[in-house]
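Input: one structure, supplied below.
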Amino acid sequence: MGGWLFEPAHWSGPTGIPVRLLEHLGYTLLTLVIAAVIAIPLGAFVGHTGKGGFLIVGLSNVLRALPTTAVLILVVLWAGLGDFPVYVALVLLAIPPIMAGTYAGIRAVDPVTVDAARGVGMRESGVLLQVEIPNALPLIFGGFRGAALQVVATATIAAYTGAGGLGRFVFDGLALQEFGQMLAGAVLVALLAVLVDLGFAGLQRLTVSPGLRPVGTGGTK
Amino acid sequence: MKRIATAVAAVMLLSACGGDPLQGGNNNPAPTDTIVVGSANFPESTVLAEIYAQALAAKGVKVSKRLNIGNRELYFKGVQDGSIDLIPEYSGVLLKHVNKEAQEVSSDEVYTALKKSLPQGLTVLDKSSAEDKDAVVVTKQIAAQYSLKSIDDLVPYCKDLVFGGPAEFQNRPDGLPGLKAKYSCEFKQFKSLDVGGPLTVAGLKDNTVQAADLFTTDAAIKANEFVVLEDPKNVFAAQNVLPLVNEKKASQQVRDTLNAIAKKIDTKTLLDLNQKLSAPDKPEPEKVAKEWLASAGI
Amino acid sequence: MTWIFENWERFWEVTVVHLRLSVVPVLIGFVLSIPLGWVASRSATARAILFPLANILFTIPSIALIVITPVLLGVKILDEINVIVPLTIYTVALMVRSVADALSAVPGHVTAAANAMGFRPLRRFLTVDFPLALPVTIAGLRVATVSNISMVSVGALVGLGGYGQLFTEGYQTDNSAKVFAGLIGTVVVAALADGLLLLIGRVLTPWARAGR
């Protein structure tokens, strides 16, 4: 694998490592944005009103069970090739963790705090946006980062239906029985996942109020 | 404790459903007198495998199927390690797979060379006259635009065009390297699509690729009015359909049955089978094979 | 849907294989994750090593692990072990965290009481810690099971069975009914497995429902 990975030819051109890395990152980030736009409001609304929690859980479970390969193939057969099927499949994959995280986060906000906010005269939207969501951020980020990991790993499958990304190395390596290429692809995916996670960890540090930072992780003390 | 016992029993029931988890089913080593029939990752290979399997089963041979495995680079390992005993093959490509330097082109020469080049323990039975070759295919529009009839006509434009095919086409001696060696044709870019499947057809239609590797018996060629470019320099050698078989499992009965089938299959058969498989109601290869066997009187 | 009825035998055959390939890794992975999770719940160093490792393992694309396994283990390329080993690894990666969190959440005063009553460590683990850790563990097990059931399909790319076979074949022949049949199978099996685990959890933790 080292041989394939460090071969200069593989780092240049439209099918080189940097291009595939960027494609892969592109799929991941856009997917996360779309999924967040759908999942966070949904999770937040249900968490805030307290109604329909079982719907969220149920929907999450169903979406989690969908095999991404099948969704990808079905959308391709229906809508043709290209990036659209990839996004449909990956967004469906990313929604459950983000939605569940948001819902759990909002439900976990101390009712006393929420009550205080109402007591101060905040409107419901204010309670949601200025109190519940900021307090729920750690869990929301947790769901988000979990989703990011899954999306990075699963975006590899997109190459099966001709899309780009690091999966190209994995599938071509498989077809050519070139394990060096295949392993390189897998390692790059894992590396990208770590980087993306670090990125979001940094973002979390910046946006989550210091008062909410965990003092230490759990465990028997 | 009673509750725990009930729960444990439930879990064991769940795992018992599959029997001893690591044995049984079609996916594990079959008893030694069973022939495991495999197929490659495209429908024609699967329907041929079904034909072989059903014909053998009808004669009382114990058969187990492992269909839709992958490309030759993958499944040949399964043939070598004994996971697969029988698989439909194409003489020319198989020859080039076991001997990259092979230069034989004609049907008989390829067949003789193949019998000599196969590793110990493997052999091929009689070849049929049915042929399904890889080919360089373009759309009607591109053929008109560049006045293309054979690959020779394509040569001046190769460097400006994108070629699509299965990933392995990049490495096979009868793939890009062959086109480069015999025609001096080097494409601007190669796109890994699939094995003559929907991705490649779509790639040609939407001009993602201007030329692609498809199989000559593919129903999509006629359906989309694609043009198959002639291959006067014979990058693609003769590709007769024949069974690759593990000699230990090739009993006389197996040989007779499969040789009888070889006599009845010709190129038109392949075209018909592919046509049936891509019919709107998408019949299963098993059914298509059954119908063919009935009509062929086997 | 009609595809399922018209091809029931094939569908059933594929279901059995898929079940086998998803359940075995969950069982083995679960058993392996118990000691690992236990160690992680007791030691911050173990946690610092195991958790990130688990995260990274989970990001290795399943197709890569499935293809590498025969090379590493020297088994035949079409052996089911090639799917079972990677999925077991994923299960362990998922469950280590669950088990660790679950054991950490066991109230300290309960374990102290057990110790005071003279329970030896193994007996305490089996009869006190582990049962109390069950709800969180089972929650993790449910996620792992559903995730496995979904991932088995990838094996079809190297000729291994399960619903994935229906996906690849359907794709090659432009047969969305077949792909859809496999999708339904996967979701139904996942729902049934999830429900079964939920039920098992309820049965095993009667105290969680007491006093409602």
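We just call them A, B and C in the order they show up, numbering each chain from 1.
Keep in mind that, in the parts below, contacts are C-beta pairs under 8 Å (C-beta built on N, C-alpha and C of every residue); 3 or more make two chains touch, one makes a residue touch a chain.
In this text the structure is predicted, and so the values were computed from the model without any measurement.
Contact with chain A and chain C alike is made by B.
C-beta contact counts were set side by side for A-B and B-C; B-C has more. With every chain reduced to the mean of its CA atoms, the largest distance from chain C is reached by B.
Note on chain placement: the centre of chain A and the centre of chain C lie 20 Å apart, centres being C-alpha means. Centre-to-centre, using mean CA coordinates, chain A is 38 Å away from chain B. Our note on geometry: chain B versus chain C, Cα centroid distance of 35 Å, whole angstroms. Residues of chain A in contact with two or more other chains: 76-77, 161, 171, 174.
Across the assembly, chain B contributes residues 70, 74, 77, 194, 198 that each touch 2 or more other chains. In chain C, the residues that touch at least two other chains are 156-158, 171, 174. On the side of chain B, the complex with chain C involves touching residues 3-4, 6-7, 10-11, 14-15, 17-18, 21-22, 24-29, 38, 41-43, 46, 66-70, 74-75, 77-78, 81-84, 194, 197-198, 277-278, 282, 284, 286. Per the touch definition, chain A reaches chain B in the complex via residues 14-15, 76-77, 80-81, 161-162, 168, 171-172, 174-177.
By the touch rule above, chain A contacts chain C in their complex via residues 61-62, 64-71, 73-74, 76-78, 149, 152-154, 156-157, 160-161, 167, 170-171, 174, 179, 182-183, 185-186, 189-190, 193-194, 197, 217-220. Across the complex, chain A is touched by residues 41-42, 44, 47, 55-56, 58-65, 67-68, 71, 100-101, 103-106, 108, 143, 146-147, 149-151, 153-154, 156-158, 163-164, 167, 170-171, 174, 176, 179-180, 182-183, 186-187, 190-191, 194 of chain C. Looking at the complex, you find that chain B touches chain A at residues 70-71, 73-74, 77, 166-168, 170-171, 189, 191-194, 198-199, 202-203, 206, 208.
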